[in-house]
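For reference, chains read A, B, C and D in written order, and residue numbers begin at 1 within each chain.
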């Protein structure tokens, strides 16, 4: 009953096997091998256009270096107040962009709203040095709250960014879960809606360690080779990332794994609703479920072996909990089994 | 005939298999799993004392964050002019230390010499803000020139550092090769000679991606958790590093692999000497061999499938080459076969 | 009728004359002259204890380097959402601290409140690397909203900081105005209430360019010489700052000038209240006045030669204005004359 | 007998008086006043073309922000090994450029030579990320060794920079002294010889605190407003710099003051040569003189009230001194009197 995080799972067997397969034989280092090039090209197909691809080692690195590629002195990036970049990366985006800032904007369900974003950008009068200047917008898909922006919502955020001449970055640590939830495609969910740069995450969805920064317009990536190297994110045996992605992307495995995780979350949502002893804190569409339990029930579940984290109450719903209740986050993954879910529901 | 670099090899089968073995099952993320803790503890045995261990993804990260842990405003680290930190890391040590500087010192055979180091440190009068202030000494073992510091040489550098109250860092990207060359132990080659912090490299010696920063005095590492996270080097599934190191350290595999690489370099050195058509540029003791060939011979070898890099002539031996000669670097690894070596020597 | 900002005034004649007086003769450079030392010592008297004093060139530098002196990897400083450090310094505090972050906290009247501050700090669980870690609290006295923290309010903020083991910084760009408003002393308003580091501003109150960072505990300043120099804030002819401060501090001139500015603001407040055509947006106690006018009245005043800035409506009072109204900021200074004030009130 | 440094002098009376004159009256802050604009325009005349001018507070700031304006990830600036940027600025250029590096090149008399510079640039193969990439060349005029590049020498360095597509920066902390020494003009010594950006220094030559970054091509300065502000170098009462420069530039005062300083250095050189008890260490052309004395003579001079610094022996002339000798630096300024010089020579 492991629902702490999707990164508590290991790696999918096909991905681990791919590492074994590629282990023998020589190949050019630092991302220049045939395999590296082949996987980079594979992304062109997935995104239905020529993209520039930069492998890095962590999601935090993907987000931080994506922002570094569009950094400016005095630059400010707008993000949701619960976004991973501002809430969970220990200042890495600031550090690796050379001290660019994040300006947080609140919005319900972990999502930026066009009006709120616009107002935030409006606080920076053009040409004024004192405030600094807008440099980017970043949104998370699926969000940290387990919700998913609809295509129209992404498009609306994209329009605000474009009107302000700001590039739009998407933190796609759970990119596959969002695609599956929306029954859409990578292209439809990104550049066709205004996304310029994507952090494409594989680690949370069955890889050991495979993240990529995808530039929808390759000409935006000219500084990336140096940005990546000086940030210590250029791996000598880049093959170890490519080999994972080879299996991950082969035959749509990545979407299958996400679909499974989402299905398990559905099962969890249904089970919680049906059991009636706890309630869903809000509606989610991806592989994260937020539930309200009595503190006693939470403690009992943990005693019986369930793993999960208690979660801070979102600022926009301060009255979510009764005094004797707690909010918990439950995350499913490619490795979650129906049996695990059912046992957990039974425990509740 | 792949002698371009030891990072052109893949991973040793036992290491790749270990990743498969650990792929299933859940474990706590971000370096807190039982396996992570077990491997960290394994280093206590290897170094014969309690050490603090921080896994990171690249050798550049290991060096840069090691220096970041002892960084000071206006700080200057002394290194050899051919050291990887200054010559091959695109400024990552400067960037990730918050702009601390590297002060290069020349010395024969890629090694710092006590007198030269002392003179360099002496250029920074205590208390003077204009020059900045010494913050560390770093040496590379084995060096970028394929040579190996003797234990006495390390001790002498350590003494200069200690007299100046500076911590001593060792870049051990080829740590195992040096231990084998000196027939010594990890403890004898590090803290017993004055080394405070070590970049322990596994990637060049048969891992996919496994580097660790080892603090000989754990109390020096108090800032590291935050330094590592804000530098985007904290891996969620840290297990993928631990699993590699589990196999790497098991039964002395790491030393066996290095011994093999060194042996192959010996075979290469002997072959080159015996063939008499080219010559060794200087004496080396690790898995790197530097040879002087006629440009024609080099071109012919490449045509026949030999892979290697031409190398810049070291500043201290400007007259190394005749006009029609070139300097090449040959690197062996755990994957190099005697047959590869013999074929290469035959081609020469 | 110049009410745009207190930095639109020039320098007080006594301060300019002091620069003439010190212009001849030689003196040791870089802050080591007798005059520099004498002025530093003068601050010991003013603060009734031994303090460490570092002159810098701008208020932004004073704030940024004060925070740099207590910076940590992953560090977060708590400030009011309208604080100068976050709203008006173009990211300098982040840049000059090596990318430490500012976490904004809202509160009425431009002031931090103990409960809000405590809740904000509470979002950072001790020992967790993901969120980063608290490193400081900073408050502004007088605030950007023209209000002044009472001594009890400072003490309450100081208590929250101390409970969380965080140093407390005060941005004193308008330090003298606050002292005069509270009829207190420098010591009573700072270290006796828990302030550890002060940005002591002279520029807005009649100097050309004179700011100082005051460490209430000199042992906290050990890194400052290097921090200041590597940030390009060590002036060779530091005398030009000391000479200004010599006149500024002599005979209480600094308090006289602030008293005059505050008095002029009082006159403005009274005049606005009496005229009845506009209203005070909120109550202020220092040399800043915020008034609500009809847009027509504001335009007319500007046509008639009044200089002031229109100001964004604070987030906590979104309903401050009617549709045809605007918010303006009026700042008085040592140079403001009663006649200027009266003419402005007449124009309204 | 003050020869420690030109920054031990105060300010020229006309410059101090100008501060008094401008002290009264209001003016727009942050460099937007009429006076600021007028002085900026004055530089167009001096440089015989439209230039972009940014005032800053220290020479270190001027150099650092000039380099920041052309910084790139992984960027490397080439400078002489004795240059102020690398030897005397505590890493500010690295810090304020976001960790760009300085690559030092040796050359006789404190000057870069075209061949040495070319070889240094050649160490960075185009497109290779590991080494980083060239981003600028910087030279100092007059040099830290008291020498002056001839116009042809500047042109030759400019040609190497241009061939490598690198902007050329000139550190002109003693710009006026060099112009006077060469009997040339500001235009002839800068952009007509390939200089793109200049640190124009006023402080060492009679100002209190007045430095400017001059962009010969204004389009290179688009990022500067934000770079300057986030580095805490935008002064609110910028007038205090403009007022100094108003007097400094008026009627050629700046060149008169430099001529006087150079003449005093000539008198010193002649006196030392004539006295025959000490010798000039090498030939200089600006307001710095380097002399070799017996240690006894140096001690005696200091006892008799002479102020100067002992100086490290340049790396390229290791045999400069006998065992009982020392090298001293003597700097003259606008404030040096013939009598001071004569008394010093008499003391020798």
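List of remarks:
The working rule: contacts are C-beta pairs under 8 Å (C-beta built on N, C-alpha and C of every residue); 3 or more make two chains touch, one makes a residue touch a chain.
Fair warning: this is a prediction, and the values are worked out from it, not measured in the lab.
Greatest centre-to-centre distance from chain D is found for A, with centres as Cα means. Judged by contacting C-beta pairs, the busier of the interfaces C-D and B-C is C-D. Centre-to-centre separation between chain B and chain D, using Cα means, comes to 40 Å. Centre-to-centre spacing of chain C and chain D amounts to 34 Å, using the average Cα coordinate of each chain. Inter-chain spacing, taken between the CA centroids of chain B and chain C, is 50 Å. Residue positions 30, 73-74, 89-91, 95, 98-99, 129-130, 132, 226, 229-230, 234 of chain B are each in touch with at least two other chains. Partner chain B is touched in their complex by these residues of chain D: 73-76, 87-91, 94-95, 98-102, 123, 129-132, 312. For chain C in complex with chain D, the residues that touch the partner chain are 2, 4-5, 7-13, 15-17, 19-20, 22-30, 56-61, 64-65, 89-92, 95-96, 203-204, 208-209, 226, 229-237, 239-240, 307, 335. Remark: chain C residues 30, 68, 72-74, 98-99, 129-130, 132-133, 223, 225-230, 234 touch chain B in the complex.
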